[in-house]
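What follows is a set of structures for review.
After this come two complexes, each holding subunit A, first together with subunit B and then together with subunit C.
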Partner chain A sequence: MVGVKGWFRIRGVSLQSLAFSLQRLTGIILLIYLVAHLSYLTSIRLGEEVYTAFISLTVRPETLPLDSLLFLVIFYHAFNGLRVVLNEFGILYEYRRALLYILAALAVICWLWSTYVMYIYVMG
Partner chain B sequence: MEEVIFNIRRFNGINSYWQRFKVPVKRGMTLLEGLYYIKENLDGSLAFRASCRMGICGSCAVRVNGKPMLACETQILNLKAKKLDIEPLDNMRVLKDLIVDFDDFFKKHEAVKPYLIRDDVFYSKPVELLQTPKELKEYYNFTLCIKCGSCYSMCPAASTRGDYLGPATITAAYRFCADSRDKGKNERLEAVSGTNGVWRCHFAAECSEVCPKKIEPAKAVQKMRKSAAGYMIKKIFR
Partner chain C sequence: MAMHTRSVLDPFGWILQMITGFLLLGFVLFHLYITHLSSHEALSYEQVVLRLSDPTIRAFYWIFLVAVAFHAFNGLRAILLDTDFGGKNARAVNAITILLFLAATAYGGLLLIAF
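Then we have the complex of A and B:
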């Protein structure tokens, strides 16, 4: 057994394994984000001013790249997860590589669109 | 004659270290021949497993530049590299140099009963068990597994759970479950539907990518998973 490092092999592996590694990595990032996000929302219990102060701290042009990256992580995890679910049900198994490319492309398209929407919202 | 560096990860029972060997290579020479060249001319203490030299026995699987392959079937010049990092298979205990312990791997195979199970066979009166070509096609590809351990070596699920049955074992289980002559499907489904069975697979599908016989173990695992789901649901209402 090689332990957790077996999830993140890079050398000698195929695109399928890299997709798996990224799925794990994005999953860990989303878990950390979820905890931070829920802690952030809980701040409303300390009063509206505290919550508004937090909002003004993060919803601004400087943090836009981070939000954009977060959406990339979300879309990758969602679309790649969909691919894994389909393949695990035996659907499109033979086309698993094509499916990987198509869903990764969809993730990128959704990411660019969401970044554009956020940019319009933040920049006005 | 071209010279290729064999950078071999060695293990003497205590320490693990890398050792370089310069191997003269000619066209058509296999990795296994390279290893034999080292053993016969450079270092007789180098340990590796090999037997049939024709991709049948599955003994000589090693990792070359991270990817598992059969040393006997891999031509050195086809790898198009001046330096080859040769390591033993992953996810198994290394005994010496390139030799890993397969005991656990085969014990897992035994657990899924990889043989025909029937209640009406009497060896005193053998009968022919007929099968149509369509029925044979259902599982034939999966009979080609040579149990080299390449799939298990690259499986990320096996990296973190030592008791995971692994792709080769589940493929063997599927091979017999899909055989129209077999009557032991439920016994095997019981074996693979536990926490160390099909549910551990997270579909990295690297097993199918590295399989030297191209038998698609990931496909067998997913098919077995579907059967296991049905079996477990039925079990609730039984």
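Then we have the complex of A and C:
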């Protein structure tokens, strides 16, 4: 497939291009997660026992790093997507480079906060 | 590789991708908050059933489901159309991703009408 290799080329690539590649990579991860999530939710229809067994398997201290990484992917994709929409309408266009850093920082802040909150809940 | 999704999608697809993306920013944050960040018991069976029994929450999840399924499979369409294979088989890519969008919406809808 042409093009996909280019997503992983970092040397000589502009920050905007890197953000574009990351947007696609995180988008693919989230698509796979969406399919898994919808399949997983079938357990709710199978009753409390099955659902609780799934939850106790997936919501525990050992899986917290995976949940945390998922949140990072979500926040990056969401805030970088917002940047793309703002750019599209010319909003803050003269600050587009600063916006890239600010929204990436916002994604990291949201990620750290959500990981902290999940850690508190999971560790009880 | 096109450096902008706009350049591989039709205008209608690109505009809807932006609209659903903008909506999802709020929807996903709300969903994450009520399921993972609001309370220790938010994922218990009783709490999930209680939430989904509320018509307002259920209506929210219907809109969320359609928006997220469209955004995901329209995004996949853009990525596939940006490849040599996708460019040569655009009609097949369009048909398959539309079918996947409909299947995901129908499957998620079956979960929602169970409550």
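One rule holds in what follows: the second predicted complex is superposed on the first by the 117 of 124 C-alpha atoms of A that agree within 3 Å, B and C clash if a C-alpha of one lies under 4 Å from a C-alpha of the other, contacts with A are read in each partner's own complex, and residues count from 1 in each chain.
Simple rule for what comes next: contacts are C-beta pairs under 8 Å (C-beta built on N, C-alpha and C of every residue); 3 or more make two chains touch, one makes a residue touch a chain.
Model, not experiment: these values are computed from the prediction.
When the two structures are aligned on the shared chain, A:I74 is found in touch with subunit C, with no touch to subunit B. In the superposed model, A:Y95 lies in contact with neither subunit B nor subunit C. By the touch criterion stated above, A:F20 is placed in contact with subunit B and with subunit C alike.
One of subunit B and subunit C touches more residues of subunit A, and that partner is C. Contacts of A:G12 after superposition: subunit B is touched, whereas subunit C is not reached.
When both complexes are aligned on chain A by C-alpha atoms, subunit A residues 1-4, 6-7, 16-17, 20, 84, 88 touch subunit B in the first and subunit C in the second.
Touching subunit B in their complex are the following residues of subunit A: 1-7, 9, 11-14, 16-17, 19-21, 84, 87-90, 93, 96.
Taken together, the subunit A residues at the contact with subunit C in this complex read 1-4, 6-7, 16-17, 20, 24, 27-28, 30-31, 34-35, 38, 41-42, 44-45, 48, 51-52, 55, 59, 67, 71, 74, 78-79, 81-82, 84-85, 88, 114, 117-118, 121, 124. Taken in their complex, subunit B has these residues touching subunit A: 63-67, 90-91, 154-156, 158-162, 201-206, 208-210, 218-219, 222-223, 225-226.
Those residues of subunit C lying in contact with subunit A across their complex are 1-6, 18, 21-22, 24-25, 28-29, 32, 36-37, 39-40, 43-45, 48-49, 52, 68-69, 72-73, 75-76, 79, 82-85, 104, 107-108, 110-111, 114.
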